[in-house]
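After this come two complexes, each holding chain A, first together with chain B and then together with chain C.
Let's look at the complex of A and B:
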């Protein structure tokens, strides 16, 4: 009964959202009453839809297994937290959450923008029709409201144990918030094109939202990467899995977008870039949804294969992209700025880096869809692994960083002057060469790409530290959050390079009370015990690690078997220190009673998380500072 | 040709040439880094160079798993052909005799020296191109 009410609310909201769209297109949005009406309808339909979702959450908390989806993915034994997160542990529910967030962004935008301009009404209209597209997808192909009546099961089928992790409960929501957050930028870009008035500075209004969305997207990706690191037991942080790639593509596009925005919100000079990129970011987010939800690609993440869903999403994305591009070419003349991009100006370097970002996106896209095309044409299965992505990403990223450095020196709309010798770039250049030389000489870093990355990373860091110096001692204005975010980039490049160069692993065959030595560390297998958790039993090993300074600590890797599904999972044990993680996993027991244990030394991995966190926090603060300027 | 037109033509040509060159380099990088997927019955049908990374998918043959210290060897089969695999390290939790596996590695003396052994995180998983009633 209650679930039908929830479904009805969602259907009602779909209708109202559609009404919003119709009003924004076919009515005169210069009329203040119409603008207010559209805004009001949107708020109402959002609240109807939100109540539908809240009812659903309430049903999940109360173990209402008459709802098919809840019966399939939850269980009475689960803590409340996981009962809620089970909603987004599979396709239907996570789609539900995705649309909630989509309309939530629209609602926040609708509440907080008070200017009552036609642009706002049109933007709300575009957000509404996008929401309708997804709501129809939900209701027609992936209905979360289906029931098991008349015979609801006694208990649910439980959530997949690898998903029973606090981090994984919050990873999808943050990622989704990032993905769909760009609907505001997309909506405003389309609204701007519909309006066709080149004097509107839509870029300025959209910067705040886009940087917040970018921060969430970065956070979502980082959380996923961190989870994969400690949960999956492979010890890596990025696997170039197709589903990681479809999250990376919108991130790259979004990064290019927010940089172009900062240029075109000052003058409308990079407008063609910003419009195209806003369409690209949002389409790539939707493309990600298509890849994950059509089951077209095998991946750890993908949901079950369903061609009907894939076709719907593909058609939806197709219509959205085609309409946007037709509109774009129709309004092309108003986008052309009468000012030309001055060569060697800040805008020119941003444009060049946009091309590099484009190349990275293109290559990633190729890596994702090439296997599909290849199999279709040659009937031969292939896959594209890390070597391809490394071959593309390493050189292009480093090259882009060089242009980043030039752009620090350059000014908006004027030519960069090569007054080099007096330049801070020389100081950082010498410093970075010195760093690279030291690492080569004393720390046996010998791979060319690692040295190059060290050099470029140090260049960025030292150059930005000089910027901070000037900021503090000469009171010269700089955007401090942007500086911090780029320090994060420099640090990220160095940490990734060093992690790749220094990390190592070895499998050991060891019995209880035996000691093995690996890289100056004595690893003693102390004990093994059987324990029981709330919904699993586990084998817990106790290892004592002693390093060459005589410091001792214990590590307890586990193997768990979950009762309901009988699934076995590996729990890693990690000892983190400033420079490296010691990372243990246990494998199988052999016939002679010994165990296989994998030991990894993962260098600088914490620094990778730290760099990403620095970028996220800087992004959020940057958005906050922008908002203050506006109000 | 007018100078303005000439300049525009030059720009267009420059863009075309650089993007063609870029695409060529990317596709070349792609082509030299593809991992081909074979089933055990397909693998001996063609010459595969030793330095070419390949993927093998199939089922782990019953009672073919031999462990020696940290090394493990087993036979992957599609019930029409089979190939032996050697691996040093920990196999995934879902690795079992009689269940599906994907191996990434190099072919050497009719044996796959594995870099990675994957079992899908789904108990109902079957490697794509095999649908055989056991």
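Let's look at the complex of A and C:
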């Protein structure tokens, strides 16, 4: 009964959201009463929909296995925390959460933006119709409310064990928040195009929302990278897995978008870029949802396959994107700014940046769809791997960084006085050359790309540190959060380069009480014991590692077998220090009694996540400062 | 110039969506599937539960043969779908592959029995003759001939894309 009530609330909300859209299209949205009406209907339907979700959470906590989805993905033995997170451990429930977040962004927007703001009603309308499209998808093809009645099972089939991890409970929600957060930018852009009044400054309103969404997207991707590192035992931070790629594309587009916004919010220049990018960011987010949920691509992320779902999503996303683009080309003339971009102005650097990012997005997209096209034409499966992406990303990113370096001095709408020989550039140039030379001479870094990345990373860091110096001692205004975010970029480039150059791994064949030496570390297999956890049994190995200074520590990699699903997972053991991680996983036992143990030395991997964290924090603070100016 | 740019953006995105439409509608290519017809090898093997000998004469007409083992994790994942198939009246013969009797029986007791009967092939003799390389694998046989063979987990999608077309074409399992 409760289940049906929850489902009914969702259906009701769908109808009301649709009403919002209809009103925003057919009624006069300059009438304050109509705006109030639309705003209120939206709030109410969000409230109904949220209640439906909360009931669902309650059903999951109380092990209501008459709900098919809960019976398939939860279990009475799970801690409450995982009973809740089991909701987003598979397709139907995670789609449910996805839509909740989508409408939540709309609700926060609706609540915090004043009814007098010019584009509000239509923006809410666009957000509503997007929500309706996904709600229909949920109800028609992936209904989470389906029941097992009349005979509910006594216990559930359990959550997938690799998902029984605190980080994984957080990774999807954050990523979803980032993905769907761009619905506000998208909604505003479409509302602006429908309105067709070029004097409205939609960019200014949208900047705050987009930077927050960008921060969430960055956080979600970073958490996913960290989770794959320690839980999946992949031992790296990025794998060019197709689903990582479909998350990277909206991130790249979003990064270009927020840069472009900073230009268009000051003058209507670069408007074509900004509108197109706002459509692109959201379309790429939706494309990601399509790729993951249609089962087109095999990946750790893919959900159960169902061609019908793929077709529905494709049709819906296709209609949404094509309508937006037709609207865009219809209004093209009002988007053209009568001002010309001054060469070597900040705007010109931002357009160059957009071109770089566009190239990266295009290449990533090519890497994702080329195997599909190949399979379609030749009926053979091929995969595009890291070498392709590295060959494209490394040079383009480094080149873009060089442009960034020169753009620091540039000003809005005026030509940069182009002097190569200004002090900050010389100082940072000499410093970076010195760093690159040192690492070549004393740390045996010899690969050209590593040296180039080190050099350019140091250039960015030292140049921005000089900016901070000027900011503190000469009271010159700079956007300090942008400076911090770009420091993060410099650090990221250096860490990735060093990680790539120094890291190494080896598979050892080792018996109990034996010692092996790897890179000045003595690895002793001390013991092996069988233990039992709450819902698994495990083999836990005890290794003592001694480095050349005589420091000892123990590492306990594990292999678990979960009872309910019989799935086997590896639990890595990691010893983290400032510069490197020592990373152990155990594999199978061989016939002679020895075990296969994989040892990895991962250098600077913490620094990669630290850099990302720096960007996320800068993003959140930047948004906060924008909000303060706004209100 | 602007007209060209607009048309370019529109047509590229339209082509993009059209490609994905074609891709979804296209018959997928499955590396695990093979449709070469061959004769079902002759066999005389014991039933898992008793000492009865099962031979070719027990699988006349159309049957599925599913190769499984208690040590096979994928078989466990596949199992739910087999139970569903058998409840729809599709006769499935189990070929227990390189497995201890007691393990196999425990496994079936725990997870349910979708099989009409189960052959115990401890040494993998019949499996070898049939060209099995691992578990799970599933064969479709009709009147003593293997007409389809799938290596890997059979699920809803594999069933509808690999097995259903040939079943429809050959008009099998109709009496059920």
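Everything below uses one rule, namely that the second predicted complex is superposed on the first by the 627 of 631 C-alpha atoms of A that agree within 3 Å, B and C clash if a C-alpha of one lies under 4 Å from a C-alpha of the other, contacts with A are read in each partner's own complex, and residues count from 1 in each chain.
Definition applied: a contact is a pair of C-beta atoms (placed from the backbone, for glycine too) under 8 Å apart; a residue touches a chain by one contact, two chains touch by 3 or more.
Remember, it's a predicted structure, so these values are computed and weren't measured experimentally.
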Point to revise | Partner chain(s) touched by A:391 [first = chain B, second = chain C, both, neither] | key: first
Review point. Regarding the shared-chain residue A:569, is it in contact with chain B (first), chain C (second), both, or neither?
Key: first
Review point. In the superposed arrangement, does A:359 touch chain B (first), chain C (second), both or neither?
Key: first
Exercise for review: With the two complexes superposed on chain A, say which partner A:588 touches: chain B (first), chain C (second), both, or neither.
Suggested key: first
Check your understanding: Can A:322 be said to touch chain B (first), chain C (second), both, or neither?
Key -> second
**Study point:** Contacts of A:380 with chain B and chain C, given as first, second, both or neither
**Key:** both
Exercise for review: Determine, under the contact definition given at the top, whether A:310 touches first (chain B), second (chain C), both, or neither.
Suggested key: second
Practice item. Considering only the touch criterion stated at the top, classify A:295 as touching first (chain B), second (chain C), both, or neither. Key: second
Study note, to complete from the structure: On chain A, the footprints of chain B and chain C overlap at residues 380-381, 565, 567-568
**Study point:** Residues of chain A that touch chain C when the two form their complex
**Key:** 276, 290, 294-296, 304-307, 310-311, 314, 317-318, 321-322, 325-326, 328-329, 332-333, 336, 369, 372-373, 375-376, 379-381, 565-568
Point to revise | Interface residues, chain B side, partner chain A - complex | key: 22-23, 26-27, 29-30, 33-37, 53, 55, 67, 69-70, 88-91, 93-94, 104, 120-121, 123, 128-129
Check your understanding: What part of chain C is in contact with chain A in the complex they form?
Key -> 2, 6-7, 9-10, 13-14, 17, 19-24, 26, 29, 31, 73, 76, 155-157
Exercise for review: Spell out the residues on chain A that touch chain B in their complex, using ranges where they run on.
Suggested key: 160, 162, 233, 298, 300, 359, 362-363, 366-367, 370, 374, 380-385, 387-388, 391-392, 507-509, 559, 565, 567-570, 585-588, 590-591, 596-598
